[in-house]
Amino acid sequence: MSYTLAELAERFGLEVVGAGDTRIDGVCTLSPGVPGRIGFLANPRYRAALAQTRAGAVVVGRRDAAGLTGPGLVAKDPYRAFAQVARLFDRNRDFGAGIHASACVDPGATIGEGVHVGPQAVVEAGADIGAGSYIGPACIVGSGAKIGAGSRLEARVYIHAGVQLGLRCQVQPGAVIGSRGFGNVMGPGGWEEVPQLGSVVVGDDVEIGANTTIDRGAIDDTVIANGVRLDNLIMIAHNCRIGEHTAIAACTGIAGSTTVGARCMIGGAVGINGHIQIADDVVVLGRAMVTQSLTEKGVYGSGLPIAPAREWRKTVARVRRLGKLEDRVRRVEQTVGIKTQDEGDDGQEQL
Amino acid sequence: MSYTLAELAERFGLEVVGAGDTRIDGVCTLSPGVPGRIGFLANPRYRAALAQTRAGAVVVGRRDAAGLTGPGLVAKDPYRAFAQVARLFDRNRDFGAGIHASACVDPGATIGEGVHVGPQAVVEAGADIGAGSYIGPACIVGSGAKIGAGSRLEARVYIHAGVQLGLRCQVQPGAVIGSRGFGNVMGPGGWEEVPQLGSVVVGDDVEIGANTTIDRGAIDDTVIANGVRLDNLIMIAHNCRIGEHTAIAACTGIAGSTTVGARCMIGGAVGINGHIQIADDVVVLGRAMVTQSLTEKGVYGSGLPIAPAREWRKTVARVRRLGKLEDRVRRVEQTVGIKTQDEGDDGQEQL
Amino acid sequence: MSYTLAELAERFGLEVVGAGDTRIDGVCTLSPGVPGRIGFLANPRYRAALAQTRAGAVVVGRRDAAGLTGPGLVAKDPYRAFAQVARLFDRNRDFGAGIHASACVDPGATIGEGVHVGPQAVVEAGADIGAGSYIGPACIVGSGAKIGAGSRLEARVYIHAGVQLGLRCQVQPGAVIGSRGFGNVMGPGGWEEVPQLGSVVVGDDVEIGANTTIDRGAIDDTVIANGVRLDNLIMIAHNCRIGEHTAIAACTGIAGSTTVGARCMIGGAVGINGHIQIADDVVVLGRAMVTQSLTEKGVYGSGLPIAPAREWRKTVARVRRLGKLEDRVRRVEQTVGIKTQDEGDDGQEQL
């Protein structure tokens, strides 16, 4: 399988530089590059690599077109154009329709046209698998669950009874959608279970990462809106609502009943409290501790970054004696006759 | 399926307000509420919703009984009473007994009365499944493992050989109980394995969340006591001991050989060092970094919460120059003749 | 199965103290110890236990040989020697060769000599399982994947098509190797997928923990070098490279394209930014926030450790008013005629 630059340009609305009949049979990184394959330049930091690359062609932005020393494609967004080209070479989504002999598909399930159900999979009664979907090996689709057309459950995905996924969703191995929300109430003999009677509703074009868990709602549903991207090992607790096109990086946990707005970018290993609201277009940097609602769009962060352990220990000690340092400053102010503007020390911060 | 308020009141020892023959066929949230269903009011913040709710009835505490504008139930603990009512409508625990044709149950396993073994499940030789248990699809119960009566392994749960679960345990999908503890010793050619010969012993009435992992002990066992509640994506390392009725929220990790007391509440994404002790009745707030034993009951926390990124960067810079600020204060003190009470800067904090 | 101390000494090059015909049939902890079993003393803190132990024998280092009150073995590294002895009693690795009737092994897969393929497992076409490997229940080995001889996939392990594992690897239940890297580009209608065409290449003697996820590379491969030890619930993003004999504790996440050197020790719940380099022999303490490259070997840490919540809230308040404290110190300096050495407040820290 290969394409000429001219074919690629026509297909994706790009501009050819150099020989349009240059054949491309795959993609490569810019450094060192692979002859016959196409690389890309999006970050100006790597501009110097343009001259040295062994790639057969390079996708560049308009500002870098003049820097091409061989054939190339010019795009408004070179990374996106590269992704479009790369998708032509992606065999990870290929599959043949049919139900594997070892799969357990209940006769009461509805299986659309062109669906693949892989080995050891389970599709329970009343489940509805939309046309053209791929249900990989060992996936479990609970009774009454609905998988929108063109979706892909990669392998060993768990979909609880009644959960709904929209069109063209993609779920990575080990993800759990619809586990019991963590609802417990203390009774006289210990914790008692608060039934979790809601479900999970996932919109269209959503990606959910490997071993990520999304709990079902307690009464109402947990909602993942259209176009959301969730990375691996994320926890979405019951009754959260994640807004359209929001992307969340790996290892982030969101406690129950929190609403995240649309088009947010949440970094990795962020922790978000329950019962708060995050506005649209908020960016939260990695490892931040989100203890309160963020009502304005913008970029937010927290945490003390890495230092040599010796310095880190000194920093911890200094932070711990900050109260004493404030006392010392106050005493000096009194001594030199400055009226102290005491900032208070009430610890009533809302955390 | 429906119940009258009078029936519910009798069953759970509650007091009816209004028409006792009001029929309830499900539960709902207070706002907006659903006719024919029952909601609840536990948090006084939502008191105003009582007048507007469309719910058919509301469970309230004694102090809110007078505020009911329609039928209701009065309970000492309205949230708990609501949970009891909701459990009547929970179909998530229904199942029929029997072993699915696709399950692999070794003839040498013991399967109690009324047990369900789902499709694609594996029960190895010598495993013992207590009466009335539900072994969901694709669960694996290793040889010699023991599952107490009335337990529920939701789906794709892994129980290592020899692990013991008590009565009425509930394990969410993807949980791994009895994986190899992370025991390694550096040899001349690299890391060598330290065999993990202990097991995991789980008490009665324990819940374990989705994709949570509990490692087996190195020599002695890892122990999860009666009534413990573990949320999703938690890591319990080898030889930890978690005390009775302790609840741990998602994404928390506990390193090896640590003991957590009874009735503790550990927040989400907390990190707890190995080889430490946490007393009974300790509350650790979310994302805290527990580097040392907590010997007194109480509430603990750590971490710098979220701020706009610009402020956060300034804060980091200020914290990093705290040593210089202390020097400046010292110099001022000397200048004005105050004897410096130097707090030391030895960095010998125990971390 | 039992061994005399003399047999153990000969096998592992140790020195016997006391009766060489003392029989050992298992291992135990030093306190209280179990008659007939062997314990060990590596940490001098537990020296006092030597006199009280009920163990049948104890492995000690040279400096503790004199402290033995019963039979024992003297080793240069007593913990390592104990591990070697314990391995003799480890039944967790025993298995019989053969393919379970319920496994789905494609005729186009290559299965080496003495391989075990457990119940409900899936081995796709073109996969190559090296001799003596154990493929546990419900594991999935994708098409064209290669598992080196003597490897062990414990249970429910997912190996993506084309992924390569070296010799003697060990993968704990629920691990996902080769999930899609989190590559997305914003298009006019929302996030679009950037194909992930690379793979994962895992060296020899690597251990990967339960529910850990390793994403495949975008163009080039994600690489886990020989002898690496990964604990549970770790996230390794696309195109990371983890150096030889590096050990990483549970709940740590590493963002894309980061390189970690050889022989590093990364603590639990550490977060490491993408596109950075960590040198060889770096130790990162648990829960650290690694925002930048660490170019020198050494020990690093970050984070504010646990405190009573009241103190913690005061600390947060004090840190937040550090800017004001600096202003107050400046004003005092001016008042007493000290020239302020302003450290700047530009927030241009590289985070």
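Observations on the model:
The first chain written gets the first letter, and so on, giving A, B and C; residue counts start at 1 in each chain.
Keep in mind that, in the parts below, a contact is a pair of C-beta atoms (placed from the backbone, for glycine too) under 8 Å apart; a residue touches a chain by one contact, two chains touch by 3 or more.
No experiment lies behind these values; they were computed from the predicted model shown.
Under the stated contact rule, the graph of chain-to-chain touches is complete, every pair of chains being in contact.
Where the sister copies subunit B and subunit C meet, the same residue numbers recur on both sides for under half of the interface positions. A rotation of 120 degrees, rounded to a multiple of 5, brings the CA atoms of subunit A into register with those of subunit B. Remark: subunit B and subunit C have CA centroids separated by 24 Å (rounded to whole angstrom). Residue positions of subunit A touching 2 or more other chains, listed in rising order: 102, 120, 138, 156, 174, 211, 233, 251, 269, 285, 301, 303-305, 307, 310, 312-313, 316, 319-320, 322, 325, 329, 332, 336, 349, 351. Taken together, the subunit B residues at the contact with subunit C in this complex read 102, 104, 120, 122, 138, 140, 156, 158, 160-161, 174, 176, 179-180, 182-187, 190-197, 211, 213, 215, 219-220, 233, 235, 237, 251, 253, 255, 269, 271, 273, 283-285, 288-292, 294, 298-305, 307, 310-322, 324-325, 328-329, 331-332, 335-336, 349, 351. The residues of subunit B lying in touch with subunit A in their complex are 26-29, 77, 79-80, 82-84, 86-87, 89-90, 92, 100, 102, 118-120, 137-138, 154-156, 170, 172-174, 205, 207, 209-211, 226-227, 229, 231-233, 244-245, 247, 249-251, 268-269, 285-287, 301, 303-310, 312-313, 316, 319-320, 322-323, 325-326, 329, 332-333, 336-338, 340-341, 343-349, 351.
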